[in-house]
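You will see two complexes here that share subunit A, one where it goes with subunit B and one where it goes with subunit C.
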Partner chain A sequence: MGSTGHLSNGKLNLNLLRDYYRRELLECLDKCLGSKALVWDDALTGPFGLIAEYSLLKEHEVEKMFPLSDKGLPPSNVQNIIFVTRPKLHLMEQIAQNLLQEEHKGGFRKEYHIIFVPRKSLLCEKKLKESGVYGTLHYIEEFNLSMIPFDSDLMSMEMEGAFKECYLENDYTTMFYVAQSLMTLQFLYGIIPNIQGKGDCAKNVVDMMLRMRRELGGREPQITPQIDNLLILDRNVDLLTPLLSQLTYDGLIDEIFGINNTSVKLPPEKFVSSSQSPEDAPTEKKKIILNSSDELYGELRDKNFNAVGSLVSKKAKTITAEFDERHAAKTVSEMKHFVSKLPHLQQMRQSLSIHTSIAELIKEHTDSEEFLDSLRCQQEFINGLDTDKVNTYVEDCIGKMEPLDKVLRLICIQSYCNNGLKTKVLDYYKREIIQTYGYEHLVTLMNLEKAGLLRQSGQRHYPTIRKSLKLIVDEVNEQNPNDISYVYSGYAPLSIRLAQYHARPGWRSITEVLNLLPGPTIEEIQQIPVALRKRRSSITSSHSSVMDQKVTLVVFLGGVTFAEIAALRFLAQQDDGGTDYVIATTKIISGSTLLDSVMEKLSPVHLNPF
Partner chain B sequence: CKVVNSFNEDRMEDRIEELKLAQACFTKAKNEFAKVQTEEQIKLLKYQQRLEEEMNRPYLNLSLHQTIYRLTLANNHKVAEQLRKEFKVPDRRFWWLKINALGECGDWVELERF
Partner chain C sequence: MSSLRRESQDEEEYWMKSRVNKSKFNLFDDNVTVENAEELAKSKKLLTQFEDDDVDTVNWDDTPVSSVTESSAISGHVVPPSASSLPKSASRPESRNVPPYMTHSRSQSESFGVTGRVSFTPSSLESVTPTVQYSKSQEKLHSLTSSSSARSLEDEIPSFISTSSGSKNLEEEIQYLKRALKKARELKFSPEDTIRKMILGEPYSLEVFRSKEEKLQLLDKAIQVHDGNAITAVILFLRQTIKPSLFNLELQRRPVAINHYLSYLRAHYDFKELGDVLGMLNRTEEAAILKYKQAISAPDVRGKMNALRGCLKAHFIHEPDLAHEANLVEQHAALLERQWPIEDTDSKSEAQGNPLFRQFPRKVSILNMPLITTLYYCCFYHGRDAENLLTSPFAIKKQHQLSDKQYVWTALSARSRLKQWTGIEELLTAKGWFGSTKKVSVIGFDKVCEILHRTSAPEEILSKYLRMIDGSERRLNIARKYKCHEVVVETLVYLRDRHELQVYASKLPPGSLGLRNAQDALRSSTIKWKT
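And now, the complex of A and B:
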């Protein structure tokens, strides 16, 4: 990972958080003396890459890194083997196996350690004891990495199971991690005075936070709060938004290719530079890091995709114009000025070519008939047209055996917009799916119903919610948006509308709607010593307007989409908004990854014919 | 979950046994829909087994839709029609299936007739 400057550009300096994690990690590592090898749980390498680069680890005598696998450890002559792992039982089994194999091999004496991320669990320790390897372990450490800073205004825990665990399995472990991370944030940035939230999980998190603060018993850092408001939203307060197709640049990249830990892997064909001969064209996927340190990407990511093309071509023109300046440069000082700009210009040109290629790839997708038809179908649903009967487009999709997640997304949207489906309609869909895609999806369908994504008809709330929160906006300006609805070309994300009303005029004005949404509404005030309170705008000073800009931390439990992030960033840029947003989430999701997490993956064993 | 278990059984009899247990559970839980579906799955498995024996082609572990699709591909329209009636496949989907399948194997004569 190159520069981290992009983390400190926001209202809240997230480099502080990153530094804090680095210190903690090194402390863990330094406990073991001598040379080390790290054995990684695969899911952790991505997040760790954003915190500590290899050279830093090397300075602390990390000589080798292996992935954790069943095959055992490759031979090495380091003094310490450190397993870095999540507290999951199946991983404990692998570790135990590895340790037993090592013992079998004998040879050079090593010391073995485990670092649990973010927490150790009793269950895991028990598992290790049962496998008879607990005694061989020297240190058992915890490294509390959970909120990973992605960008100057964005943090994610990258825990994809959060939604499923909370709403299907009633397992609130992740919520405990959230509460802990919020405590870490308060430790670094001061106590957050106002807390509001909506939903069962939000309530859970707030309760834990308040209890943890009481347990600290006043031993907290004396810092003037840098965050004014905390807003916690459950994903099940708004299950509609993530199901719709995102139409921002960022959102589309995620929907089509999938963004993981701020990087995306793309098909390489588009990125072969002209100098390369076609023979040695890369066959591996091209990995591109996406964050605001790429200036152009920072500008493009939150735009509606329809506005991306014109913006890219405008940029291309300015850059060419700036390159042409060299002909105009006559005096030495003019030349010098030009040369000093060169590196920046070249960098811009490079990123321009990357994003032109990405945009082309996306365009192939968005121009396809399947995409446009499904978009049209979604628009009909959210406008409440014909949601009460079996939709022929959905039927056709099933008939053509289009990807199951696409079909499920459409049906779930229909279910939401119709306040649940009639038993007859719902059963028809379910039967169609089972007959077409296989009986094994019965479990998935039951999961969807349990999570509330599919419902039998209930009370008619959606029309009221739609009207009072103005979710549907007819006139959208995709080039120069004037409302958050631009991110879905005409639909304003419910979750972000809630945040918007939260900032102004306040949630009290929409109490009725809040009551229609699931889960309790939470409001708490954390008292802080008078001396630490922010001084309200004093008598004069022109920067009082800057000072008054409030910082709100919005936490999405169960995931948030890039389009929603874009909408919040849009709100932060509004002059009259008066609020800056920092976003934290358990995972950045799209409709497909959300459904994927609740799907039961069953592959039938091949039947034995005898 | 019995349904999940059934997929791990590699013997036909065991799998059907497991599904029957699941069916009993669904009946107890008054989940009429799931019960009926499980019943149909058992029926489908038996059909598939018979087809495999008769035609020496793999049909097990396919969904109903895929089974009919394969049958159409193999020019076995009579059995396909039989399955369609037996499991009450809606016309619209059956047409899609037939058009796609016949298109794939290039059986334009049959497509014309249909």
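And now, the complex of A and C:
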């Protein structure tokens, strides 16, 4: 990660947050004197990469980095070994094992430390004590890294287990982390005056936040609030949206290849001719960083994929035209002007070739029969067509042994749109799935039911919700959208409709719908000293309307999809919206990753090997 | 060590009794070298720390406080669990050098006095004396040693007197601490304060809460602030200190606490207790699934079969809500019971060089495969087996109540891969009226063609079934997809679409049958083309 300029382009300067984390991290590291080796919990390297680079760590005497594994530590002659880990019990076992092995080896005397990210837990410490290594550890630190800034308007905690833990295991630890990081945000950007939310987890978070503020006892930073509203939404308020196939550019990239920590790994074949660096081995997947520092990506990412092709070709034309200017350039000053533009042009051309390749890869996928058929099936379901009986397409998919997550996604959509399935239909599906994919998936199906993704028929809410929130929009303009429904080509994400109504005319107008959705509705106001209140531009009319724009922080508990993010960005760009959005979430998800987290990892799905 | 055995009985008893205060290490062990002892003695701090450490584990451990309350009481109410212990731990660099002496086991401390006496030299004793005041028993040891053999030693060591005064100091200190503790108890930390301290990582003690009401208040407070760490800690404290029946009762009243307790048990693989708690809460479904999960994680198939049968009997059969699941678990067991003997005979037959397995080697064992895969396997290797055999596809279909669609789908794929074209015809033939036959496919002929195409069936077979697809437009599309030129041409002729046929013919390779047919049709004068 070279520059981080893209983080400070938004209404909220998220570089502040990044700097804050960097300071905290270095403080942790500097506590141990002398040379250091870091031992990483695999899941943390990605997020840490976004806040600190290796050269920074090197400046603070980090000489070596190892991954945490059962095999023990490779030999090194550093003075300090620091384990950087999440508070998970299985990781504690590995650390204990490593420490015992080290003790066994003897040799050069080192000091051992642990940094827990984001927080140490009682159970982990207990585990370390039980393993008899607690005394070996010198420092046991906490580094509260949770909300990682991804882009100028986007933060993620990268905790993929959040949904499962909250709705399946009733473990609200992640909600504590959310509350804590919201406190960090308030510390940096001022107290957020208005809080609204929907759902059990949201209630949990708001309660904790208010409690934490009370504990501070007025010792809070005297900053004029930069965020006006906080909107917290539980994922289970809207379980339909993430299950549908996303149709925006980055949504599709995520669905097909998976975006992790703002970067994606792509099959290299497409990039061989275009990539400038020949040393890249073509067998290795090509890693591409996706954020708004890439100008073109910033423009493309939220577009419906159907609009991407024309946009890319238009860009290609302008760039070629600009390159051709050099022939027209006659005078020295003209030449100079051209040369000054050259680096930018070259960069543009490079990113253009990358995105052309990505778009080609996506197109292969979206043109495939499987994709189109499944999309058609989804559209039927959300329009409420034939949702009450066994769907032949789903049946065929099972017959063909298509990937289980695709099948489950369709069934869950059907279940949602039908307000739960009839016992007969549900049992039929269950039976087919279990017989085809293995009896072990009985547990998966039970989990889906427990998480509310799969239900027996209940009260018929969906038609009402669909109608009153105008979820289905028939006339969609994919090229120049006029409504958020463009992100799913005709379906407006329920969660984002809630955000839209939240901004205007307010949730009071949709109380009835809110009552149909699960969980309590929350409304809180945090008092702030008069001196710190934001002055409204009523005093001076010279302020531009931009100053008037309110900033709303939308927090999605349990994950958010790229398509939903795109929809929020679309709302922020509307002239009449009057609201700018900053998005925070526990993890950026897609239907597959959501279901994956709920699935029981008993044994891999055997596709017919015979 | 022989001297130890010679020691008289009452003396040993005396040793036992004399250990008023648990002394953790043992400077007089013969493992202690002079250097070590010196080192230990120099760092007085170290000693205190070890004592601290001990207290630490006592309170944080699962084990009840009862046996060691004495020591924790002495150290007061301060239990540094986390943040506060950090600076201290920083100042014990020596700790790594002396691990054996940190052990708190009683057996070691029992033997120390005697062995120590043998190896003593004045110089080392001198250096050790300062530490003696920390343990009463050691002090007693000295008096004993001196009485028996080393009278002169006592005279030589001037600091000995100071040790006895040290013991007085110690007693005073104990008294003081006892008073302090009493005061602390009277002070009554409110549950709110304690929970707040827990959350902020400050030292706290749960032991000051004596009555059940107070403990429950503590729990309620923890639940109120949603702090998982605190809730779990209080629950574990409750479990140790109140009757199990009461514990269960109070837990049942607090769903949030239950959830935390369950996830604690889950994280510690304490499945027995987990199952018990779920049963107690009447969460039979979860308990059943838990048992099922355990059953299917059994590594060998035989064990898995038994576990499944057992768990079916114990958890599924009697639950009316789980009737459907019970059926599925039953089927799972039945499937394994079928796979087991099949695998047994087939692996033998393969080893003996059965030509079928030589022609199509088995890639993996059939064990633990899904039902449909098993059906496919049986269709593939045992397609013609009689229905009374375990391997018969029909028997599988019957026992597991598979639908015709599932059966046709699987059997068709298997036979297509084996290139048993007549077999496929049998599969798709239904008897009509008066012995007449007709071709029927429950999965639709388009799916049949898809399977045939996937298993690369020859064109004539594919064409045969393509012609059975209803709807000429649909047939045309599918035939185009599979590049079955003959059928495309036929269908276009049938549709009398001359223009399309011309376009299509122009793309066909020269000399192919499709092209010849197309040209014939185009030349033919009997076809009335659409205009």
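By our rule, the second predicted complex is superposed on the first by the 590 of 610 C-alpha atoms of A that agree within 3 Å, B and C clash if a C-alpha of one lies under 4 Å from a C-alpha of the other, contacts with A are read in each partner's own complex, and residues count from 1 in each chain.
Here, contacts are C-beta pairs under 8 Å (C-beta built on N, C-alpha and C of every residue); 3 or more make two chains touch, one makes a residue touch a chain.
Bear in mind the structure is a predicted one, so any value in this text is a computation, not a measurement.
Superposition model on subunit A: subunit B and subunit C are shown in a clashing arrangement. Look at A:D427: by the touch rule set out above, it reaches both subunit B and subunit C. Looking at the shared chain after the overlay, A:E169 reaches subunit C, while subunit B stays out of its contact range. Look at A:L33: by the touch rule set out above, it reaches neither subunit B nor subunit C. By the document's definition of touching, both partners, subunit B and subunit C, reach A:E600. Of the two partner chains, both subunit B and subunit C are touched by A:D396. Subunit A has more of its residues touched by C than by the other of subunit B and subunit C.
Contacts of A:L342 after superposition on the shared chain: neither subunit B nor subunit C is touched.
Contacts of A:Y439 after superposition on the shared chain: both subunit B and subunit C are touched.
Superposing the two complexes on chain A places one region of subunit C into the space of subunit B, and among 259-267, 331-339 or 493-501 that region is 331-339. Residues 395-396, 399, 401, 427, 430-432, 434-440, 442-443, 446, 600, 602-603, 606, 608-609 of subunit A contact both subunit B in one complex and subunit C in the other.
Put simply, subunit A touches subunit B in their complex at residues 392, 395-396, 398-401, 427, 430-432, 434-440, 442-443, 446, 600, 602-609. Taken together, the subunit A residues at the contact with subunit C in this complex read 89, 103, 109, 120-123, 125-126, 129, 135-141, 169-173, 175-176, 204, 207-208, 211, 215, 395-396, 399, 401, 427, 430-432, 434-440, 442-443, 446, 600, 602-603, 606, 608-610.
By the touch criterion given at the top, residues 53, 57, 60-61, 81-82, 86, 89-90, 95-96, 102, 196, 199-200, 225-229, 232-233, 256, 259-260, 262-264, 266-268, 285, 289, 292-293, 296-297, 324-325, 328-329, 331-332, 335, 362-364, 368-373, 376-377, 380, 400, 402, 405-406, 409, 443, 447 of subunit C touch subunit A in their complex.
Residues 1, 3-4, 7-12, 15, 33-34, 37-38, 40-41, 44, 52, 60-66, 87, 89-90, 92-93, 95-97, 100 of subunit B are the ones that touch subunit A when the two sit in their complex.
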